[in-house]
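The following pair of complexes shares a single chain, subunit A, combined with subunit B in the former and subunit C in the latter.
Right, the complex of A and B next:
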């Protein structure tokens, strides 16, 4: 049955495949290594762009400066907070929206009306100004909820989840019903455990989205102390026009300090990278294959 | 089942809570100002105005990464705001702050206007973005306030600037106060690797001919001298902005025209610089520089960062940039390459026998005053006080060494004054006034005075010269000696209707066309002619008419 695994051509293919995949993997990791090398380098070498993958004039000053910067650690805490809170809101609202909408029209009268009601918002939104006015009137300015509530229900994700729920064999649900489970128990004991792969994927999208989002952090906050990390990094990374500011040489060198920028970018990326390995184990498909016999 | 019901109940309760939060109504404001009075409660204290009870100013500002605060202080509560409260009875309340990047302040103010929120009483915004706000009719004319409150020192400082109000005048009334910058500090000098000059046995170039000879000598220097197999004579940013801070606009100017600004031609008419015939000759020159490898081959794609990287890594010998370019970033080459030395030199004269360079403008930001502002006069009262007492302080006066002991400087135990970050407990803080009281000529005048070997004596000279080095002083002296060659962009108004519609397209064509000429993809004559005909057939003529009309209307001569 597995005869073709032994052929010579297959082995050659495997070797090249591994080399190819390794190269792609390298492409992904090299920028991170470069950033890390810059962060550990001397300032002059960084200004001259002399650093490739290994630090020049090794120093940890940039990391010390970043980690002892209270603004930075505060922004990091806000980002972690909004990501976790955002994830909780997202899961709660998206699951509770998707579950009923995955039922048939017989089980849920008027389901299609609700569905179109949600889908409409995917294509038409109020736009920036009305959303801003809404946040102002809700008194959410300077509140972490201004960052979390607008994305609490993501219709696109809900539709994905609806389709995933629909794909779960009806027999499993029936078996639970026979054992006396109600709607919520079926959701908790049957649907959610079986949907872990898609929930993990959607959670990852949501967390990365929250982690990277900077514009809302800027417009819904009146004080920089409330900025999440992405907004802070955006300010740091965007190139200043040096002919447009009063030139105090000390400030110029500070503002353009590439090593500190690199350290901040690196530290800013690490927490979200740490999420991946923990979610990896859920990225396995075919869980329901073989659940229904006969 | 029970737990599920609880869950549902909790979620419903949550939803109601959110809805309830929305019912607050727009009118009530939990942070109502404690005091909001007008000019009537003002009296005099120490010869200047004092408000008792204090008044609150509801304002806003952008805060850049260069703004530093003492531990526990922020933009609303620091030594400067405390001083304003004690000295003037003015409570500065920054309703919101934004970063300086990405037009953040503009975005926020536009959102505020759309949402019908209270506008800041006054605020600083880049001049280019001010026009739209002025034309919205929401801003207040200020010439009366300036006339009334500005004293002699302030008026003298403004008088140094040519056409200070021109851009912000509407029907004879001025709608913005420009935050004047120091003059000349962004003007270009020529930066050369002194060690290469010495190795080549040459003098600093005084003419374009000399410059070509020096560049030629530099690229033929032995790699044992330069440390690289291949080096370039000249590095510059020629990506799209030909007047940027590490560009070649003074070389263009040596031919008698500067691209991308509005200037007068020989007949005295205002024209778009890039359409002048001198530009064609200059482009031919630069093409030659690329062909001969004086320029790096990718110069047409390089921005300022790429341009200085070549210099700071030691692979280019000459560049042209502002007075501060040695302090940052060019001096890094001395750290990266053993034996490297950088010197500042005057811009060499072009074929015209002299040169021109594009000035940076007299200001970048302007202060706008909302029509709803209750106390716009406070801005003028405090700024005038600062011009009288802070801009050029007397010996022995309150501001002799800076704003405040322990804030932006420290008097040490032995009586000496230090401005060094590490000496000041809690670090050196930024002194954030509504508008810094700038005397435009002050900085470079002091620097060129010190460049002649004078010691700093007056408090202003001592304060300003902190951290200066000899090479900056040289550069300052050079820009002072060549200041009559600076030309300013004559058009400073709001984009005209045809500009809004066509200018982006014209500029894109200009840049790609010039780059084709530089790289020999199109012939010089053919390429420049096609640019001229594109300009005149795609709105350039109308734009020129509009610019001339604006200049006439605004009262330019």
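Right, the complex of A and C next:
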């Protein structure tokens, strides 16, 4: 069997294929390695465009300068805060919504109406402008709740969780009911412990989403001291718009400097790089689950 | 015996109904927070979209602002600059859909031929790392790498004797940067989907093809591609819903006023009009136009996916 592996043509192809595919893979991460090399290089070398993929005049000055900068560390703290608060809100709303919707219409009359009420929001939304006006009317501008409340109930995650809850044997729930547990107790003592792996996956993706989110931080905040890190990077490093800066210019890192910019970008990506192995693992299994379901 | 049985069943029945009532109140109560937050943050803005038919002034409020009818829409479709925005959006989105389909399929086919599991896994890890990074980070990297004065790409261009390319100042080169960087960010993600489909192809089909004398290339054309055709059709039809979605995050982080001519899209236009210039009704109208077209496209694409590939999302 598999005779084609032995043909000369295929062997030549395999050699070229391995080289090509490896090159493409490397090409995808080279820009990140270049940025890292710039961040660890001396300022003069960066200005003279001498850096390729390895630091020139190795120094960690840019990282020290970034991390000791008060604006940067403040934005970092806000990002951590919004990520944790956002996760708490997400878990509260999504679990409480998913559990009743995992019941059949027979057991829970009105379930389908609720389901369509939520699903409709996946297909149509008021859009940017009415939402923005709503936020101003609710006086949520410059509040961290503007960043965590609108996305607290993620319908897509809720659907994944509903499908998982549906897979939990009915007998378990019945036995809990016979022991006198109410719906809430059943959710707490039976469903949640059994769905910890799914919840961990959804939590991870939610946290990544909050960490990466920058647009809401930009439009719902008028003051720079309320910016999460992604927004600060967007405005200061990417757009280079200094009009919003209210702080003492001395507190700003020397952002005209290429090495400091590179260090800031890299630090912004570090949390994602740290959880990447887990993301990758769950991501692939999530696709498999989706494929089986589809 | 018989009497006691009737008695006990008579007792059980009302108790069961009562249990149902009680517990279902519990379920309704659990849904309350989700329903409230969805009404406030999803349905209230849907009602608020009515400002698209107004000339909304924040100080007059929703109820006192003058009504304009379809005036805002008329303004959008008769101005040449906004028609340009519409054309940019469709052109960029279509290019992204086509490259987003072709590149991952080709790469998955090549990766599928590699029989060294460790290499296969390593390459996969490298190609879909950018998917998880935000456009802020990637734009920060791109602005350094593609810089006209001393970016590593332009240093290479100069090395081979070319003139430095102004990626963020020349509309056509901006388009190239947008399409290529979008492939960079997303092709690894889709590759995984196609790889999963490729591993599911029945090996008996390959054996049969081999007995008939087909080499690897012929097997690919006559066995592999037809086998993964359903998933290709699904991915293509589902991407139709994105024809007006040229990618706000990416464009906003990369563009400059110099490339508005070729790079400004509906979403960036709405943002600048409504939030930056505070022309809220006009922005809302353009946004509503996009939402309605997107809704229709999504429903059509789901219908098509169901019809041609038997794929149902709901």
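Criterion: the second predicted complex is superposed on the first by the 205 of 294 C-alpha atoms of A that agree within 3 Å, B and C clash if a C-alpha of one lies under 4 Å from a C-alpha of the other, contacts with A are read in each partner's own complex, and residues count from 1 in each chain.
What we mean here is this: contacts are C-beta pairs under 8 Å (C-beta built on N, C-alpha and C of every residue); 3 or more make two chains touch, one makes a residue touch a chain.
Keep in mind that what you see is a predicted model, and the values were worked out from it rather than measured.
Within the superposed three-chain model, A:276 lies in touch with subunit C and out of touch with subunit B [touch as defined at top].
In the superposition on chain A, no contact is made by A:189 with either subunit B or subunit C. Of the two partner chains placed around the shared chain by superposition, subunit C is the only one that A:108 touches, whereas subunit B remains out of contact. The partner that reaches more residues of subunit A, of the two candidates subunit B and subunit C, is C. Within the superposed three-chain model, A:43 lies in touch with subunit B and out of touch with subunit C [touch as defined at top].
Shared-chain residue A:238: touches subunit B and subunit C both.
Once the two complexes are laid over each other on the shared chain, residue contacts for A:74 go to neither subunit B nor subunit C.
Residue contacts after overlaying the shared chain place A:223 against subunit B, while subunit C stays out of touching range. The intersection of subunit A residues touching subunit B with those touching subunit C, taken from the two complexes, comprises 49, 92, 96, 128-129, 132-133, 136, 138, 149, 182, 184, 219, 234, 238-239. Contact residues on subunit C toward subunit A in their complex (touch as defined above): 19, 22-24, 26-28, 30-31, 33-35, 37-38, 40-49, 51, 56, 58, 107, 110-111, 113-116, 119, 122-123, 125-130, 132-134, 136-137, 139-145, 150, 152, 155, 184, 188, 192-193, 196-197, 207, 210, 215-216, 219, 248-249, 252-253, 270-271, 274-275, 280, 283-284, 287-288, 290-291, 295, 298-299, 311-314. Those residues of subunit B whose C-beta lies close enough to touch subunit A in the complex are 1, 4, 7-8, 11, 18, 21-22, 24, 26, 63-66, 74, 95-102, 104, 107-108, 111, 114-117, 126, 181-182, 185-186, 244-245, 304-305, 308-309, 312-314, 322-324, 327-329, 332-333, 335-336, 360, 364, 436, 467, 472. The part of subunit A that touches subunit B in the complex is made up of residues 42-45, 47-50, 92, 96, 128-129, 132-133, 136-140, 149, 182, 184-185, 188, 218-219, 222-225, 231, 234-236, 238-240, 242-256.
Residues 1-5, 7, 9-10, 13-14, 17-18, 20-22, 24-26, 28-29, 31-32, 34-35, 38, 49, 52, 92-94, 96-97, 99-101, 103, 108-110, 114, 117-119, 121, 123-134, 136, 138, 149-150, 152-153, 158, 177, 182-184, 187, 208, 212-215, 219, 230, 233-234, 237-239, 258, 261-262, 264-265, 268-269, 272-273, 276, 279-280, 283-284, 287-288, 291, 294 of subunit A are the ones that touch subunit C when the two sit in their complex.
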